[in-house]
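Shared between the two complexes below is chain A, which pairs with chain B and chain C, respectively.
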Partner chain A sequence: MKPGEEKKIRVPARLENLEKLIDFTLSCLRSAGIEGETASDIHLAVDEACTNCISYTYPSGSPGDIELTCTLSERSFVATVRDWGITFNPLKVGPPDLNLDIDRRPVGGLGVYLMKKFSDRLEYRRENGSNLLTIIKMLD
Partner chain B sequence: MVLKVTVREKESGVFSLMPVGSIDTGTAPILEKEVDAILEKDPRVVIFDMGGVEYISSMGVRVFIKTKKDLKRIGGRLMMVNLPPQIKKVFDIIYALPKEEIFESIEELDEYLTAMQRQVLEDQD
Partner chain C sequence: METKKSDGILVVKMVPRFDAYSAKEVEADLNESIENGTDKILCDFSETEYISSAGLRVLLATAKKLKKSGGEIVLSSLKPYVNEVFETAGFTPLFNIYASEKEALAGMK
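The block that comes next holds the complex of A and B.
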């Protein structure tokens, strides 16, 4: 990928398609020459965003698509996850209680937290009946 | 993504698992299945040698949290060794493991286990 370039993939929002979305992201990162910790961070943030989207946005019986767009600029890598499901703003999900002993913590709720921690900025907006979650990672 | 898990019983009741590859939504059940098989054997210690783990997501972390909960119930302990920096970063961020359960190397862990064993024997005397 060159700065200014954008790549897109759209698949049915099902868990068996998660690997396709991750492979797409990894191939974008490779072709953009992004590696090491920055690449791992983006990998994790996109994985958590897509997993959340696939798990929660479409109530059972009404399947829909998930679209992932990767954009490279001079200073950042931007991944945008879009779906056409129920309104779900992950930025409104509160942090898990990290002070609780691990044995007493609920098992869920970690994905959104990791996504926030591993990206530099997250933006959410509802647009024309779709959820748009933008993950921004600055490049050094 | 691919995950291979090697399981070994180091000594009676002390099991080590060596996952190699990626622990994510698709592969977490593979690790969970191996852990469940160990839990049926009433382990005292379950060691995860993480040296071959390239990636972990929240779905992977859940397996460790669940294992720790299950072990606590039966009086067993979870330990981790050889955490690559990017994997350690994930566990650090969610404070999933106390320091006394993470070891830099197999040697350090073995020393600890030997000391633990000695303590058990002394307590029995």
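The block that comes next holds the complex of A and C.
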């Protein structure tokens, strides 16, 4: 990938397509020359965003699609996850309590937190019946 | 998943990419072992390059289950990035984590 270039993949929002979405992301990162911790951070943030979308935004019936767009700019790598399911704004999910002991720790609820921690900026908007989540990672 | 028994401890070689997709299978395998009477599990992370919240979820659920029945789950050989995810999620204090499988087996006896 060169700065200004954009790549896109659209698949049904099913768990068995998670590998496809991640392999697509990893191949974008490789071709952009992004590696090491920055690449791993983007991998994790995109994975959590896609997993949330697959798990929550199409609660009933046959799932719709999930579209992932990766854009490289001079200073950042941007991954945008779009779905056409119910409104789900992950930025409204509160932080987990990391000080609870094992008995009181709830199972789950860490995905959004990790996504926030491992990216530099997250933006959400509802647009024409779709959820649009943008993950921004600065390159330096 | 590749497993072996060592002195009553089930040693499980964890998957390279421990995400929501593989977590389903890992959880089913661990649950089956527990139902068949296993109460001591060592998860060997030496081949795991990646873990997401879905993987963490399975580990926490298994730890809770085993604690209730008097058993335990122990982890070994976390790679730096997996360790960083553990630290960020506040999971490090919740588990016994050893540097190698050998040390973990010695510590579990």
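One rule holds for everything that comes next: the second predicted complex is superposed on the first by the 137 of 140 C-alpha atoms of A that agree within 3 Å, B and C clash if a C-alpha of one lies under 4 Å from a C-alpha of the other, contacts with A are read in each partner's own complex, and residues count from 1 in each chain.
Please note the rule applied: a contact is a pair of C-beta atoms (placed from the backbone, for glycine too) under 8 Å apart; a residue touches a chain by one contact, two chains touch by 3 or more.
Treat the numbers as computed from the prediction; the structure is a model and nothing was measured.
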Partner chain in contact with A:Thr51 - chain B first, chain C second, else both or neither: both
Dominant toucher of chain A (residue count), chain B or chain C: C
Partner chain in contact with A:Tyr113 - chain B first, chain C second, else both or neither: both
Shared contact residues on chain A - chain B and chain C: 15, 18-19, 22, 37, 40, 43-44, 47-48, 51, 96, 98, 102-103, 105, 107, 110-111, 113-114, 117
Residues of chain B defined as touching chain A within the complex: 1, 24-26, 55, 57-59, 61-62, 65-66, 68-69, 72, 85-86, 90, 93-98
For the chain A and chain C complex, residues of the former touching the latter: 15-16, 18-19, 22, 37, 40, 43-44, 47-48, 51, 54-55, 96, 98-99, 101-103, 105, 107-108, 110-111, 113-114, 117-118
List of chain C residues in touch with chain A within their complex: 17, 19-21, 24, 50, 52-54, 56-57, 60-61, 63-64, 67, 81, 85, 88-90, 94
Interfacial residue positions of chain A with respect to chain B in the complex: 15, 18-19, 22, 37, 40, 43-44, 47-48, 51, 96, 98, 102-103, 105, 107, 110-111, 113-114, 117
